[in-house]
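Quick one: this structure, given as structure tokens, is what I'll be asking you about.
Order as written gives the chain letters A, B, C and D; numbering starts at 1 within each chain.
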């Protein structure tokens, strides 16, 4: 996948994202990742809701995050997301979180997703999704 | 409803509950309320999952919280919950959150719930629920 | 306070905001309220971080929410926030959450805030804040 | 580290932990991990609050989770946590989440923590912590 599409989602850190260390709580970056995934699907002309209406799901099977520097309250974050792997029945997204004000790279991570069909079992990705993701 | 049942749910504050003021984030008390409601249903011999399997739901229509003193990381909290009102198609729970170590009253609040039937419309509470709640 | 400033904050519902009823979890609206408050302070030319640097805080002493209709995954929400009361040592914000696509009013609520000074005790609002909020 | 201490923390899934797939939202397992870490420190006779009072912190530098089967609302979860690595200035915890009712293994993961000293810089673990963790 040479030259993949990168989508950049923006998000302002709120009080509710922080913890008593005064920085974003580590679990919340996975929320941010999900936010950017949803923007990604929208950017390629799809949306996750339509997928679910057809009875499919893309549950996370693996999630990882490396924390370099902390994001703080009121920071405007840019979550850069791209699809780094697209297989018959799974896909992998990678994320880079930077702070807009100084471009500092704060956090990187990835998620791996399987495809679940209408019967609740693993299945190949529906053609409609593959078309969106591999144009 | 003289002498109503009070159920006391216990919960330890984690890092993820706090914000950068070093105290529990205000929205999280509503999570704690829900935790105690679930314990309440269990204490009266029911459970919410069974209710949902029959197609019913008890969505919150109103929620309120008064914050007196802040709870902190690692505090062991006692959430005292009781049913203060039981009507044909709604109910009201009240909550008192204290810290176990010193008995300090930290937060009080209430939630009002409607009953939604299998068709998604407001309906009277099913008999099975009324029996549990008004023994 | 005739003709108060209304600030409209926009927010897309993510998966992590929903619960198994398929709607936004009731506690999360208080997160949305906070998000809009932060936008409000920014809109009047202030920011909450500066206030905290001076040792002040505006903790929530009371929070309330009425739920009319549920917000769903991927809904774009508009949180309309305005200051409905400004006293010597407290203030009250009111919130109206609508869905952008159809203008449907989903949720309303309010929060009341006290002012805490550098010594951790209730105090009058600092002049700098009053100037921002009552121009 | 042969025969390390395993601490088992118990936790009931609430509505607020689930998402519209009807299962625990993927980011929330990292909250559960943190809950069990806090129980771990308590089990070895320490607590995280004391560490912070001395000006130290153990921020997460890396977090990972593999999702095998979903946890559901009202499931009672057992989070088995142990220290799998203890270095001069870092440590690694591993987690296994099972459902109590059937012993099913749902999720596994790990977190790696650095030690930050009173000056905010990486530092060796304080002697008091090492004593607790390597008895």
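In this section, a contact is a pair of C-beta atoms (placed from the backbone, for glycine too) under 8 Å apart; a residue touches a chain by one contact, two chains touch by 3 or more.
Just so we're clear, the structure is a prediction, and the values are computed from it rather than from any experiment.
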(message) If you average the CA coordinates per chain, which chain's centre is most distant from that of chain C?
(response) D
(request) Compare the two sides of the chain A and chain B interface and say whether they are made mostly of the same residue numbers, over half shared, or of different ones. (result) same
(message) From the mean C-alpha coordinate of chain B to that of chain C, what's the distance rounded to whole Å?
(response) 24
(message) For chain A versus chain B, what separation do you get between their C-alpha means, in angstrom?
(response) 33
(request) Express in whole angstrom the distance between the two chain centres, defined as the mean CA positions of chain B and chain D. (result) 27
(message) Quick check on chain D: which residues sit in contact with 2+ other chains?
(response) 15-16, 21, 23, 27, 30-31, 34, 73
(message) Can you tell me, using the touch rule above, whether these chains form a line, ring, star, complete graph or other shape?
(response) complete
(message) List the residues on chain B that touch chain C in their complex, please.
(response) 21, 23, 26-28, 30-31, 34, 57, 59-67, 70, 111
(request) Please name which positions on chain A make contact with chain B in the complex. (result) 15-16, 18-23, 25, 27, 73
(message) Under the definition above, what is the set of chain D residues touching chain B in their complex?
(response) 12, 14-16, 30-31, 34-35, 38-39, 47-49, 73-74
